[in-house]
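Below, subunit A partners subunit B and then partners subunit C, in two separate complexes.
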Partner chain A sequence: MKLDTSGFETTMPVIGFGSNSEMLDGVSSVPSFDLPRTTDFDGFQKKSVEMVKPAKGTTTLAFIFKEGVMVAADSRASMGGYISSQSVKKIIEINPYMLGTMAGGAADCQFWHRNLGIKCRLHELANKRRISVSGASKLLANMLYSYRGMGLSVGTMIAGWDETGPGLYYVDNEGGRLKGDRFSVGSGSPYAYGVLDSGYKFDMSIEEASELARRSIYHATFRDGASGGVASVYHVGPQGWTKLSGDDVGELHYHYYPVAPATAEHVMEEAA
Partner chain B sequence: MECVFGLVGNGFAIVAADTSAVHSILLHKNNEDKIMVLDSHKLIAASGEPGDRVQFTEYVQKNVSLYQFRNGLPLTTSAAANFTRGELATALRKNPYSVNILMAGYDKEAGASLYYIDYIATLHKVDKGAFGYGSYFSLSTMDRHYRSDMTVEEAIELVDKCILEIRSRLVIAPPNFVIKIVDKDGAREYGWRLSVNDVTTAAV
Partner chain C sequence: MSIFEYNGSAVVAMVGKNCFAIASDRRLGVQLQTIATDFQRISKIHDHLFIGLSGLATDVQTLYQRLVFRHKLYQLREERDMKPETFASLVSAILYEKRFGPYLCQPVIAGLGDDNKPFICTMDSIGAKELAKDFVVSGTASESLYGACEAMFKPDMEAEELFETISQALLSSVDRDCLSGWGGHVYVVTPDEIKEKILKGRMD
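Entry: the complex of A and B
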């Protein structure tokens, strides 16, 4: 497994202390990187890997049905107990017919999905045909596998439509890759599974499926503190993906459970 | 936890594996096939970390194919098992693979054989073997009822006994199993044992 070490190469030439510059002429720079300034280097590495682990505070889901693939996600980013953003784009557009969902480290997911998009485009140019969803997810799984144990935090689903029809794969930072019809990833995923599994039918219309996806995300954001913001719903069909809706879950709550105006028994009136 | 077990009978070898893909408390998938067909007459049943399991077994499968292309001869089960163990051993002290493997195969000279290869590169040729928490229940069941000249029907009865024992006694028992068989006619799927169907057309 060859790692991509292009980030390690420095552009600054290595110059020794007070040595003759003639000796260093023509000597190429040595690949190097700065070590962190800490007394406990081994423990520091382990701590930074452990710090990223509890992440994946999110709810994303995707399922295959008669009309294609439905993909939905919330939009909250949290750092421990602090909500750092309510408007994160967790559904990443890899190319016009493939979507990826983000759970885990935002930077990791954004970078590796962009990287996957590049690899998919290169495949198209080299082979004069689009890459399959199976192939794209395998590329991502292999890339993540080569970095296993190094603290990447990525729990993603690759959803798309290729020659064999709709495709859905789950890929994570341990290098696992699963093909399936229904997945939900993130801290709110058990809640989403509860609503998704009980309401799922293969023969749904696009409206029914998008409502099921939206409802599942809403219920997960209701119970899970690390999920919230806006519930985005995308549909992937034979012509590619389209964004169907993006509703604030706070507003959705009152839409599903409107507050009946309470009848007052005693009304205080202004003294005339 | 993942349950894999297998046994050798009269001219055949059977392996069974659970089919759950688990992530902490969540069951992502209950029809994941963990028994890979290595070549026409060999099977690998693997359990372990998800990335390692697929990547390592595919690596072994491709190398076995490569040997066949280069030399015009397929590897024997013993050779494939020793190759697999060698790869695990080489990687062990640098970048270990967390995979436990039961390799079943049929050769014309050696007949049916089963190899037990665990994640620290132990290799044993065995008549019956098992991995995972399920092994605590299936090993003794197999020890009690196994005979070396079992027919396919008797062996499947024993496999079903083990699956029943695992289902009833293991606290987080996997619901579904897949059974594959290899004999002189090749390696193929024998059947599934489903207690939970994947709900794709619920009449709710």
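Entry: the complex of A and C
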């Protein structure tokens, strides 16, 4: 059964994944995927969308401040109630000066971020200059828009430093793209926003900003069942990104709220 | 998520040498949001009989109150405490009374019977008793708990070792469950004393 795939065609030369073209490796335009041959195409699509379960159980956040962009995320992957992993890398390194965060389907985020990284590199080679954060996020948003309604689950933030300074964009699977100073994405985002918004100042040092980011993620992991594991904090500055810390959230709790030792007996102390 | 997973819970009981241990997590949540980290799931019926209830929190509290009421009446009439086997039959009957509109809980009963022989059993929400000689589990983390207990359990453990084993089994299982955890509560009961301990766990 040949399906009508004219919606996938663009004005640019379409080179599919499987084709052997000597010029390019098939990523200059929208990659095309084989469609399944079934009798009930819509029913099959519906079942496969439910299987992917776009629950966005996670907490990621990013904000712009005086010294650049701070990006932080937890590391838990959950399938319904089951924790499938406590050590997922949710901050994806697109290139040495741009980071993307992962919320939603892990496979979707990993694939599309890597695809974006390839496109950014091709842009650099073709134009002899780095792509702007605005341009990179636009590329991603356009690609996700063309797959709108097909069940992709991507809630990502693109953070980077380009010629205009620090940049932060939110891009999601609906094709939405928003420019902003502070974002948090995922099921734990309301809790992270609470801590982030009350502690935020533009004039923070890198240490203060990283502590704010780590605290926000910690509070979100405490309240949200679908967030947990390790709180990773990255900083994007003019020289690119650096990973600042990766603290286990279980230990962070007792660091912030130490268990007060019960007074068994009162000790005779010397008068000060 | 089903209604049994609305609040999130984990309860486990294990048999030792003339003693038993019963443990639960401490989280009360509303689906993914955590509301409290000090929720009581295990309650004492009398000095040698404990019941832990997993499932919907409102039914946990109501069912506990009903069972305490019935036991107090029994004490007044019989002038003695109920045996664990009898209590298990009572719980099973009370649950089956609501067969077509059940209490959405799964109880875990642990007690010391005649000659201080430990007794444990669990039930589904309509009163099907499951007696075991080694351990019983219930709650959202039950599958992980089955695995952990199966691996760590040894027969005829003394109270100290039993405490260690049940704590490790509980903590490692709830660390794989989004809906339970945030600390642990363990009771180790021997013929002479009840030891109650709070466990320090991962708070995520």
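Operating definition for what follows: the second predicted complex is superposed on the first by the 215 of 272 C-alpha atoms of A that agree within 3 Å, B and C clash if a C-alpha of one lies under 4 Å from a C-alpha of the other, contacts with A are read in each partner's own complex, and residues count from 1 in each chain.
Going forward, a residue touches a chain if its C-beta (ideal position, glycine included) is under 8 Å from a C-beta of that chain, and two chains touch if they have at least 3 such contacts.
Predicted model, so just to flag it, every value in this text is computed and none were measured.
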For A:W112, select first, second, both or neither according to whether it touches subunit B, subunit C, the two together, or no partner. neither
Applying the touch criterion given at the start, work out whether A:W161 contacts subunit B, subunit C, both or neither, answering first, second, both or neither. neither
For A:Y97, is the partner it touches subunit B (first), subunit C (second), both, or none of the two (neither)? neither
Which holds for A:Y169: it touches subunit B only (first), subunit C only (second), both, or neither? neither
By the touch definition at the top of the document, which applies to A:F222: first (subunit B), second (subunit C), both, or neither? second
For A:W241 in the superposed arrangement: first (subunit B), second (subunit C), both or neither? neither
Using the touch definition up top, name the residues of subunit C that touch subunit A in the complex. 1, 5, 8, 29, 31-34, 140, 175-179, 200-204
Residues of subunit A touching subunit B in their complex? 141-142, 144-145, 148, 170, 172, 174-178, 180-181, 183, 189-190, 193, 197-203
Which of the residues in subunit B come into contact with subunit A in the complex? 21, 23, 25-26, 28-29, 32, 49-52, 54-55, 198-202, 204
Subunit A residues touching subunit C in their complex are 57, 74, 76, 78, 80-83, 86, 187, 221-229, 249-250, 253-254, 259
